[in-house]
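Order as written gives the chain letters A, B, C and D; numbering starts at 1 within each chain.
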Amino acid sequence: MDRTCRETRITVRYAETDQMGVAYYANYLVWMEVGRVEYCRAAGFRYRDMEEDGVLLTVVEASCRYLRPARYDEEILVRTWIEKATPRLVGFGYQVLRAADRGTLATGATKHVFCTRDMKPTRLPPKYRALFGI
Amino acid sequence: MDRTCRETRITVRYAETDQMGVAYYANYLVWMEVGRVEYCRAAGFRYRDMEEDGVLLTVVEASCRYLRPARYDEEILVRTWIEKATPRLVGFGYQVLRAADRGTLATGATKHVFCTRDMKPTRLPPKYRALFGI
Amino acid sequence: MDRTCRETRITVRYAETDQMGVAYYANYLVWMEVGRVEYCRAAGFRYRDMEEDGVLLTVVEASCRYLRPARYDEEILVRTWIEKATPRLVGFGYQVLRAADRGTLATGATKHVFCTRDMKPTRLPPKYRALFGI
Amino acid sequence: MDRTCRETRITVRYAETDQMGVAYYANYLVWMEVGRVEYCRAAGFRYRDMEEDGVLLTVVEASCRYLRPARYDEEILVRTWIEKATPRLVGFGYQVLRAADRGTLATGATKHVFCTRDMKPTRLPPKYRALFGI
């Protein structure tokens, strides 16, 4: 399995802050999604092509631990790796860092099942397996 | 044409605030969409049924004037009406009020063209015309 | 401790869907926040008053299990309860149901620490404790 | 006045799509905000520093014309320029392009007034004026 870690750079948007003056907690899940897409791209495929091919990656679990707040206009890094992958499901792990000092802001995980366009579980077609390290 | 005005009640979410301590400006367009959907429902149809029927309402213009900020947990009202409707396009007008004192927070407008599922302009099927006051 | 469960009704917005045709996964955390606010209101206080009072509820953990997708314009119910509460932290549990048939769409949990305005952990002032069932 | 145009690159996120399969219309206002921030940075200051300095740029008008849809994972460019600037207000213009072929996806404009932290209109301090081309 491919344990390689990919790193994506994101600048915190004003839209992503809330009145507490920090990034709103749901946005970390958006950033994880950006990390996943970049992970796939770095692994050699575009998630959108896989989706056009009829294979959807539907989320079944997501979790996040928030250690330090991310602030407006800060550069953050989303490190993404595959925790586990089978032809049925894939689990991603994430670490969100502040780019300036590489301090950890959050850690997270998501689990996904491969589905057809009408949301039925399916097996990942063989041609994609190596890309997920299966 | 139906000049009736429909009113939708929304409570400002924490997610919708930004670090200025007020609702972020793009959310007014989300609230207008909520107002449009409720307008349609009150007019006798569900927008989602029209969409399942293959008729999409794609936006071509949107504008908003912001008069007073909306704050977290405030109840706001979105008043929605049809400005103009033809078999090709429809224009909605909006007024966003603070429920507590009915002070105007914002006014807005959106224009839409009717499209097929593959985003080509089309004419509104006759069965829907009366609902838009055509 | 107050094990009472509060129920909040939400209609899935178009803005909350993604191109998979279902509600985007990060929005469940937004709905949980809406559930929390309503929980507080039902328990006898407004979260915004507590925040103006200098007590912030900052999230340290969030998780969600997605069982069935939520779709555009569906009415959903967010059931919210307190899992655990001490003067330092509070944990909420959530169940997201489809209103039509009360089928469970998702379950979730968040943990929070009480903080001062400058994000330092603090103890919940005594006057708020009964409201959290402490 | 500084008529220079700054260009910001953004990749459309999955979170930004809706069930029509294209980017949701309110996100264009988020992208304009990203363009504004980058404009300021290129002009020699960080908007967040100005805000910490007690000068807020509150939006009073926003508009967008949508010409072609932006799709998931597409690279887009937000071209941003100052339309008008006085010590009281500033107007930005925007063009959103598809990076692949530089086709125009949308054009937009926002108007802002300079405000103090408690949202009262103010005059832009002299030290910031040259940065806005005043």
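The rule we apply is simple: contacts are C-beta pairs under 8 Å (C-beta built on N, C-alpha and C of every residue); 3 or more make two chains touch, one makes a residue touch a chain.
Treat the numbers as computed from the prediction; the structure is a model and nothing was measured.
Enquirer: With chain centres defined as mean CA positions, report which chain is farthest from subunit B.
Expert: A
Enquirer: State the pair with the higher C-beta contact count; candidates are B-D and B-C.
Expert: B-D
Enquirer: Based only on mean CA positions, could you tell me how far subunit A sits from subunit B in angstrom?
Expert: Measuring from centre to centre gives 33 Å for this pair.
Enquirer: Based only on mean CA positions, could you tell me how far subunit B sits from subunit D in angstrom?
Expert: Subunit B and subunit D have C-alpha centres separated by 23 Å.
Enquirer: Hey, how far is the Cα centre of subunit B from the one of subunit C, in Å?
Expert: 27
Enquirer: So which bits of subunit C are touching at least two other chains?
Expert: Subunit C, residues with two or more chain partners: 14-15, 20, 22, 26, 30, 33, 72.
Enquirer: Chain contact graph: line, ring, star, complete or other?
Expert: Complete.
Enquirer: Which residues of subunit A touch subunit D in the complex?
Expert: Those in contact with subunit D are residues 11, 13-15, 30, 33-34, 37, 46-48, 72-73.
Enquirer: So in the complex, the part of subunit D that touches subunit B is made up of which residues?
Expert: Residues of subunit D touching subunit B: 20, 22, 25-27, 29-30, 33, 56, 58-67, 69, 119.
Enquirer: Where on subunit D does subunit C make contact in their complex?
Expert: By the definition above, subunit D touches subunit C via 14-15, 17-22, 24, 26, 72.
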